[in-house]
Structure formats: C-alpha cells, structure tokens
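One chain, chain A, appears in both complexes that follow, with chain B as partner in the first and chain C in the second.
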Partner chain A sequence: MKYGFFPGCSYKGAAGYKESTEAVSQLLGIELVEIKDWNCCGATSYWSTQSLEAYVLPARIMALAEKQEFSEIVNVCNACYSTLRKAHEKLTQDSDLKQKVNLALAEEGLTYSGNLKIRHFMEVIVNDLKADDIKKHIKKDLSGLVVAPYYGCQLNRPWADIDDAYYPVLMDRLIEIVGAKPLKNYSAKTECCGAAHMVAHKDFCIPLNNRIIKDAVSKGAQSICTLCPLCQLNVDSSQQGLGLPKMPVIFFTQLMGLAFGFSEKDLMLNKLLTPFKMAV
Partner chain B sequence: MMADLVLRDRFFKKYHGQEIENCIQCGTCTGSCPLAPYMDYGPRQLFAMVREGDMTEALNANTMWFCVSCYNCVVKCPRGISITDHMYSLKKMAAEIGIKPPKMLHLYQSFNAPVEKHGRLTDVAAMAGYSLRHPGAAFRNMPLGVKLAAKKRLEFKPRPVDNITGFKKVMEKAKEIERLS
Partner chain C sequence: MRESIPKIGVYVCHCGTNISGKVDVEAVSEYASGLPHVVVAKNFKFMCSNPGQDLVIDDIKAKGLNRVVVASCSPRMHEKTFRKACQTAGINPYYFQMACIREHDSWVTEDPAAATQKAKDLVRGAVARVAHHQKLTSRVVDINPNVLVIGGGIAGIQAALDIADGGKKVYLVERDPSIGGNMSKFDKTFPTLDCAACISTPKLVAVGQHENIEMMTYSEVADVSGFVGNFTVKVRKKPRYVDAEKCTGCGVCTEKCPAKVLSEFDHDLTYRKAIYTPFPQSVPNTRVIDTEHCLFFKKGRCRACEKFCEADAIDFDQKEEIVEINVGSIIIATGFETFDPTPLTQYGFGRYPEVYSSIQFERINNATGPTSGEIVTKDGKKPKAVAIIHCVGSRDENHMKYCSRVCCMYSMKFAHLVREKTGAEVYEFYIDIRSPGKGYEEFYNRLQEEGTHFIRGKVSQITDMVDSPKDEGRLTVVAEDTLARKVRRIPVDMVVLSVGLKPSSGIEDIARMVGISVDTDGWINELHPKLGPLATPSDGIFVAGCCQGPKDIPDSVAQGQGAAGEALSLISRGKLEIEAAVSTIDPERCMGCRQCEEVCVYGAISYHPALNVCEVNEAICKGCGNCTATCPNKAIELKHFNNDELMAEVEGLMFGPADFHHSPDEQAA
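Coming up: the complex of A and B.
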C-alpha cells in the first residue's frame, strides 16, 4: 500500500511521532512516501487572516501530490488534515475560487485538479488494514494497560463522516486491536485542547486540558493516546499544578510500536514531557 | 451609521455572510463553545449584532479571536450555519478596519511571517516573532521552551521548501489576484 505522505511542520518536533510512525508503517507494509517540496498548510492562522492564500497553501500541497501521482494524501496532524480537507471541499464546490487558485499555482507550473482523497494515518490503519494484519505483529502483551483515546476536534468535526463528531470509536478499536484496553465512557475524548490559543491565552486553556486529563484519571486510564502533535503538546505540557496524577500522553503510533515490541528508546518515549514507563 | 451599513454589506457580499440570516438565535453555538465564557458576546449575540448592522461594536468584540476552530457549534447548529467560517471573515474584517490588534492577531502574524519567508514553519520562529510583541508571554512560556529544547524537540534552523523561488512567486501571484478582486 502506497500513499502520498504530508508530514506537516510539527511532525519532526513532536515527541517520537516521526520515529514511531516510521517504525510502525514499515512493519505493516504501509509505504508513506513524502510529498516532495511540501509547504505549510497554513492552518487556522491563514484561515483567520488571508482569503486566497489560505486556499493556495493547501492547494499547492495537493497539486504537488497530484503531480507526483498520488491519489491519496495521508496526514498525521489534525490541523493539516482539516485544512487540506476543507480546502479540497471548498475548491471542488467553487469553480471561480479554483480558477484563481490555479492561476497562482501556474506560476510554478502546478495545477490542482481535485482528483484525490485526504486522509489521516490513524484512520488509514484501521480502515485499510484487516485487524489480523495488525495483530500478527504483536509481540508484547498490553492487556494491563488502560488507554484513554483522545481525538481532539478537527479529525471528525465538522464532517462526522468517517466517525462520530463527538464520540468517535476508530482509535478505541485500534487500541483494542493492539491488545490494550480503551477507556470506556471517556467523555472528554473530543473536547478542545485550546490549540494555538495556549500560547496567548494559557489561563483559559488550562481548564480545558484539566477536563481532558481529569476525566481520564478518574475513570482509571494509565495513559492518554492521541493523534495530533498540537493536542499531544497541550495535554502533555499543561499538567503541572493541576494536582492530578501525572498522565503520559502518547501517540497512537507509539502505542502500536510498544505492542509490536519496539523499545521505549526506538519510539522516543523519552521525548514526552510526562514520562511513560511500561508498568506491565 | 453609514460606515456600519457599508461594513455590513461587505460582510454579506464579499464575505458570503448571507447565511447568518438563517440564524434562529437559539444559542446552541454559544452553549457548545469551549471559550464562550471569555467572550464579550457569544456567537449568537454577535450574529444578531451583525444582522442589525452594529458592525463597529461587533468588529471590536473579542468574540471571533477566541474561536479555536473546534467546530462544536458548526456540527450542532440546527440551521447548518458554518459559524467557524464567519468567525474567520469577521477576524479578517476587523483587521482590515484597523482595530486594536488582539494577542491572537499577533500570534497569527508571527505564524504567517516565517511561512511566507520559508514556506514552512518552525515553532521557534513563530514563538520568536510573538515574543517580540509580548515579552510577558515569552517569559511564561520559557520553562516549556527550555524543557522542549532539552529534549531536542525544537528546530532552531528554518527548513525552507526546495523550490522557494517558485513558492514565493505563487504566493505573490495570490496576493495580486486578491488585490484585484
């Protein structure tokens, strides 16, 4: 299986996301081929400040992917996923806007036709692989580990088509497939972490993260599992002073890696702010 | 006021705001918003003001700057209004009329500048730009920065796109098209 891979700007600095994604995808035979010359998607910052450039940035990534003959773009960040998908949908519906975007892209000899699909790596693993194809690689028993699946906002909202908008279950299923226990009734699973507002309005965002962590702690989770670098950073970094037990926040790829027998060092678990140690 | 009506017209036409005429003022948006408690007006009130043409008040409110793009309200709105998109429009219009820049506008500008220059962003570049304007925030974020640096998670060198000349031409053209439309 081969996909066009859009790493996004925050992938490399995210705690072990790159290392664990590479380890897991290689083992599962999922070929993530980096889209050459990709740029920043622009995210909320461009949507909030620019009208046309906010579309040109994601369109350039999609045009490059088309030129490099990919039919699907796999994202590892919720914001990248959401931005590309949003641009893709709007451009498909608005031919005038599409024409303007292509006029700009023509400066570099690129064209966006819209003939591709935007996806998230977590969903690709659950939907494109059979459970047995994943299970056959399991080397370590994680049955003692209760994991709270934290999805954040932009994977399922506003679309709610690959999963539910408020109570998604795809990652729950993945946690179960690799042998750990997904936390049941985790009601904070799609609560907002505050995203970039954490920089400017930390005081208002801490209560949001408090709820995400407290719900996991009080229902008995030993770790939170996430699929977005910004969610991971916010939930991981806002724990000091909450008066709650420390809750490691790992990426779903790190959880998979643990089940597949990779070492904590291979998966760069030492890069988390709240340390993760296997208690099992 | 005349200026208010011109702004209202601009929101409805240039920024495709007609959709908010469908708002039934139920307040589901405000009720589902994680940062509504900190807003001058919830989204429901803000839309009522825009419809009535009280644009100066609406554009000076902090409401849209507290929108985190979580899309809770969009999913729940019984009238199917794309509230988040209208928040983006109101942010752009507020910046256009030259309101006193809120912190989030500075943050966005600090995010956009390195993207324009290199095509890609590093946390360090965005934070550096923001810290120049808000030294207090730099001070408060310093402990986190130190921890991330110790874990070798910060990128101090920019990572430009390969075809940076082409990228800049595309962005320049986009600006030109935007100016003309």
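Coming up: the complex of A and C.
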C-alpha cells in the first residue's frame, strides 16, 4: 500500500513520532512516500489573518501531490489534516477561490484539480488494514496497559465523517487491536489542548490540559495516547505542578511499536518528558 | 360534440368593489353579449347573493337558457352555489362554468385596462367551453355508520368515546398491549399540575366498558380498501398467548415468570417480565407474552405462567389473526414518539447514568415509576442541582428543524416538581421560552418567582469532568450564557434532556393505506392548515392529535373531539353524493399497462388481470386527471374535463372569434 505522505513541520521534532511511524509502517507494509518539496501547511493560525494566502500554502502541498501522482495524502498531525482538508473542501466548492489560488500556484507551474483524498495515518491503519493483519505482528502482551485515547479537537470537526465529532472510537479500536485496554468513558477524548495558544496564553491552556490529564488519571489510565505532535507536546509538557501523578503521553505509533516488540529506545520513548518506563 | 344548441347566459359579478374596482364590469358584460350563442349578459353587485342567484334562475326559466357562465371569484368559493342555482332552475348543474376574474385577475392586476382585457379573455374561454359541457349526474352512496379509530392515545380515546356516546359503533385499534398512549406515562400535566393518571385512567376504563367500543389492542391495521362511507379494513391481531376471555388479570403469571426484560413503558429504567402488562392500570388488563424473551418460546421449556394460572388462560397455540371490519370513516390518531438523544454524543445520554431523557424523567416523577415518584439519582441520593436542557433534537438543523411545542412547558413543569420534591437548584438551559397557551405564560412567571434559574444558551457539552474537587462524581453542564455573555460550567447531579417529538414509526404505512401524504418531517398533511385541520384530502379520513404535528394534551383532546364531530356529521348525512367529474376508462382502448394505477395518488384505479384492463372506482376518484394525462393509449377520459371541453376553452382563451375582438394582425402575432 502506497500513499503520498505529508510529514508536516513538527513530525521530526516530536519525540519518537518519526521513528515509530517508520518502524510501524515498514512492518505493516505501508509505504509512506514523502511529497517532494513540501512546505508548512500554515496550521490553524494563518486562516485567521490572511485568508487567500492561507489557502495557497496547503493548496501547494496538494498540487505537488497531484503532480507526483498521488491520489491520497496521509497526515500524522491533526492540524495538518484539518488544514489540508479544509482547503480541499473549500477549493472544490468555490471555483472563484480555486481560480485565484491556481493563479498563484501557476508561478511554479503547479495547479490543484481537487481530486485528492486527505487522510490521517491513524484512520488509514484502522480502515485500510484488516485487524488480523495488524494482530499477526504482535509480539508483546499489552493486556495490562490501560490507555486513554486522546483524539484532540481537530480530527473530526467539523466533518465527523470518519468518526463521531464528540465521542470518536477509531483509536479505541486500534488500542484494542494491538492488545492494550482503551480507557472506557474517557470524557476528555476531544477536549482542546490549546494548540499554539500554549505559547502566548499559557494561563488559559494549562487548565485545559489539566482536564485531559486528570480525567485519564482519575479513571485509571496508565498512559495517554495521541495522534498529533502538538497535542502530545502540550499534554506532556503541562504536567509540571498540577499535583497529579505523572502520565506518559505517547503516540499511537509508539503504542503499536511496543506491541510489535520494538524496544523503548527504538521508539524513543525515553525522549518523552514523562518517560514511558515509569508507567509500565 | 354538443348535446344541444347552446343558449348561454353570462353574469359578471362586481363583488362589491373587489372586481369592479379594477375591471370595467359594464364593458365585460357588453363584450360577452356579443359572443357566440350568448343570449343574455348582465352584471350585478353580488352574484352569490340571493337576488344574484335569482337573476340566473329567472333567466333560465324566462329565456330558456341551457348554459350559464358566472364571471366572479374562484370556483372553490362559489361553484357549488351556482351549480345549485342551475339545478333549481331545472337545468343540469354541470351546464355551468365559472370564470375566475377576482383571484386570477382583479386582485393581481395593477392596470385596470389590462384587468378588463383579461376578464374579457377569461369570459370568452368560459363561454367557448360551456357550450361543450355535457350532462352529468352524481352518484349517491350509503354511509356505513361504523368508525375506525387508529391509535389508543388520549386523542384516539377521546374520539372513540365521543362517537360511542353518540350511539355509533367504534373500532379502536392500538398496536401496544394497552391503550393509554404517551399520556399514561406522565405524572403531572402543565400548567395546572393535575395528575395525568387521575384524568386519563377513568377514560381508559370508560373505553374498556363502553358497549359501543370494540377495543382491538395488540393489533395493527394491515390494509384499507374502499372509499368514504364504505371502507373495508383488515386488522392484524397479534397473538397474546393469553386467552382474554379467561384471564382475570390476577398477575400471578407475571410474578412467577423468570425472564427479565427492560421495560418499554419505563423507557429502560426498570425491568418487566416476559409475560406482562405495560403498566398497572392497563386496559385491557389481559397479559401478553413477549415471545422474544419468553424462555418457552426461546428454549422450549419453563411454562411457569401456564403452571400457575388458575384461570387456565395461557394458550401457547394462539395464532395471528386477520380480522376484517367495515367502517364508513377512519380517524387516524397515531400520536408521537420521543426523539432518541443518543446521536447527540456531546450530551452523553447512555454514557452518563444521570443523564435522562425527558420521557424517562416523566417516569421518575410518576408514582408507578422506577422510584415511586421520588426524584433521586441512581445511587438513591436526593439531587442538589438539576439541569434541564431544552430543544434536544428540536430546532436543530441536524435533526428536527421544527419546534416541538410542548418541551418548554413540560421542562418548566419538571423544574417545579424538582423544586417541590427536592428543593434542588434547577437550571433551565433554553433558546427561547415558548409558552403560548391559556395559563402558560403565567406558569413561566410562576417558575421564575419560584427561583428556577433560566440560562439562555444552547448546551455545548455535558461531561463528568468537574472543575472543583468537591464536585467529584457530579456532572458539569457547559453552555454559553448569551445574556451574561460568558461561558458557564455548572456542576449538577442530574440532567434532563428535553427531547422533541417525532411521528410514530409506521405512520407512512398508515398514510399510504388510506391514500394520504406526510410532510417532509413525517407528520400527516391535513386538508387545509387553517380551515381543514382534521380532514385530509381523502374523504372520510380524519386526523386527531400528534400524528398531524406536535401538540399538548388540551389540543390533542380538542382534536379528538373535533374528529369525532366530523365522523358523526358524516354519519348523520346517511348518504353521500359523489362528484361526477371523475375518470372513466374505455375498456376497448385500455391495454392494461397499469401506468394509470401507478400515478393515481388516491388508489382509485384497480387492475383486472382476467380482462387485462384497469377500472376506476368513481367513489374514490377525485378527478385530478393524472391518469388521463398519463394513459399512452388515450383510453381514459376525465368527465367535465374532456378534450372537447378543454380544447374549446383554450381556443376561446387564445384566439376568440376574429370578428369580435382581435384584428387579423393581432391573431397572427
């Protein structure tokens, strides 16, 4: 299985996301081919200030993908996913906007036709693979591990077509498939982590992360599982001084890697602020 | 093909100034007098008045008129009036034609000259048409005085009782094991707070005991055929596996039954047995076996009920029965069901034990409910704070766009009951408070004085994540307070979701059987939203209560009584005249393709396989013309709208006799 891959700016910097994604996808036979010459998607903040330019950034990525003959772009970040998806939806509905954006892209000899599918890697794994094809790689028993599935707020909003907007279950299923226990009734599943506001409005964002962690701790999770580098960083980094037990926040690919028998070092679980070792 | 040499009288109405204010009526009548076959043309202030009608009658008698045209309002207003005048004067009522120069002309035309011209055109068309009219006679049929009421909720019960009290036979069909409907689940009713059971139970008993009512519970309407006055209805009686004649209603069987099933009546808050009655005051009190959960039906053993029944009433061999009944009219009163809030995942219904739907909360408040009427959490604690969320499912683009009309009021009733029974703080989250009704606004004012907190804002989330450690175990309701302009996070112990009303499942089947339609939301379309609220486009089919749209109890009861009145009025007539303008199929030309049958929305056309032809039931046909236009072989003629008549009218409208009005140049243009 071959997909166009958009890593996004924070993929390499995130603790072990790249390493675990590569390890897991290779094992599962998923070929993630990086889109050549990609740029930053602009994330969520650019929309609010410059709207036309904010469309050109993701459109360029999608145009490149089309030129490189991909039919799908796989993301590993919620913000990238929602930015690309939003641009895609808008451009396919608004022909005036598409014309303007394509005019800008023409400078580089690019054009976006709108025939792409924007996807998230987690959803790709759950929907495109058979559960048994994942299970057959399991080497390590994780049945004692209770994992809180933290989706963040952007994966299913506003579309809610791959999963429920408020109470999604796809990652719950994945956790179950790799043999761990998804935390039942995890209410903070889709709470916002504050995203980039953590930099400028830390005071507002800490209580948000507090909820995400507290709900996982109080309901008995040993770890929180995320699918977005910024979610991971925010939840991981705001635990100082909350007065709660420290909770490791890992990527879903790291969890899969653990089940598949990769070492903590291979998956760079030691690079987390709250290292995974402490919990298991 | 004319029946006789036409002698036409034309009468132009002023309608006060409604017509004459725009149309030069004098000029129109003068113009009409020059049209072919017109013997006399007059104008008059009010043609519908007695002197106006006398004008027509006298001229028919004195001048030997055999065709009449009145140019006035819409035929929907006065066609019948003038047909009757023609009949009185001794000519066939179908020798009359109306030209609509009010609704289609004077009311909608600005320029008087143009309005006058259009009136002349319309009159010319009517004159050309009426010359081709044929003599038609309408048929008279007897009306069967029996009435079928579908649905045993409060609307259907009221209708059945009124008709039965009027001395007529009623069949009351209810698909549940007991009559009573949704109302029997309620505790208090707004705004007077009288007890629902106290006012409805006597009615249930009265239905059960009435000699003129034949109750058919645990039964469904399977098929309806026939027409107004003469319907044949097939009713499917589901097997109860309990002999109603023998069962004394003692309840020992229920006591001994080992199977536990979530109670539909308590909306999953309690368990019932596999042999059960929905609620203690069920009418009839005959038990029914739920075969899906009965151990004997599932695994072939148990029969505890049979063993313990002293009356020997258990009968495992009962079979489904189809009963045929004949009635003259049908009242549909299938009511509503409540919206299931599970898809609104942000409210956590089904996930958080203390989130209730409003119909569940009705049961909690009810003395026969899961907590015997006490308002307590599932842990048995008295709540300190309760949130009531309005418009759950209603006024929501994703679910039901309409307002369900009753939720504001029942939500406030809940607030009152919570305050009264527990003293808890009550937070009502609303979009707008809608309290139109007698004593309703006063009830809202009373609630405000009682100290209920009204927060204007749609709740975005209900969560078990609390902000303060002292609220651990409670729920947090998150909403933007749009009056105070801030986000509220209010800790509460119980949440009530005030869910909206939607049509009962199966309503489309019933509508299809009787040849009526439902609107985009699934409610039944009444004949006219203002002037025909209880009738439907199918004669003899009436509606009452929530099947037509969300309603409270007073409105449902009023409609039940109204529909009973409609049915009794029909019965009192005894006979029914059937419109003569219906379709007929020429069997010589029909090739049995059945396309007409498909397009007939009234179910008036049936196919005879032996003859390979279709046939119109004149009593059901409404003369809409769908079949006539569809027939590929031109085998269908719609009386009073046949080709001669229509072509003459169109030619009259379009061209007119050149020597009268249009110059040859104009005609060519």
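The rule we apply is simple: the second predicted complex is superposed on the first by the 277 of 280 C-alpha atoms of A that agree within 3 Å, B and C clash if a C-alpha of one lies under 4 Å from a C-alpha of the other, contacts with A are read in each partner's own complex, and residues count from 1 in each chain.
Basically, a contact is a pair of C-beta atoms (placed from the backbone, for glycine too) under 8 Å apart; a residue touches a chain by one contact, two chains touch by 3 or more.
None of the values given here were measured: they were computed from a predicted structure.
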{"item": "Per-residue contact with chain A, leading partner among chain C and chain B", "value": "B"}
{"item": "First (chain B), second (chain C), both or neither touched by A:N39", "value": "first"}
{"item": "Partner chain in contact with A:D215 - chain B first, chain C second, else both or neither", "value": "second"}
{"item": "Touched partner set for A:Q68, first chain B, second chain C, both or neither", "value": "neither"}
{"item": "Touching partner for A:S187 - first (chain B), second (chain C), both, neither", "value": "second"}
{"item": "Partner chain(s) touched by A:L103 [first = chain B, second = chain C, both, neither]", "value": "first"}
{"item": "Touched partner set for A:A165, first chain B, second chain C, both or neither", "value": "both"}
{"item": "Partner chain in contact with A:K202 - chain B first, chain C second, else both or neither", "value": "first"}
{"item": "Chain B/chain C common contact set on chain A", "value": "165-166, 191"}
{"item": "Chain A residues within the chain B interface of the complex", "value": "9-10, 12-15, 36-40, 42-53, 56-57, 60, 82, 100-101, 103-110, 153-154, 157-158, 160, 165-166, 191-192, 194-197, 199-202, 204, 208, 237, 270-271, 273"}
{"item": "In the complex, chain C residues that touch chain A", "value": "345-346, 348, 351, 461, 463-465"}
{"item": "Contact set on chain A toward chain C in their complex", "value": "164-167, 185, 187-188, 191, 211, 214-215"}
{"item": "Complex contact set, residues of chain B against chain A", "value": "34-35, 38, 66, 68-72, 74-75, 82, 84, 88, 91-92, 95, 103-109, 111-112, 115, 119-123, 127, 130, 134, 137, 140-141, 144, 147-148, 151-155, 161-163, 166-167, 169-175, 177-178, 181"}
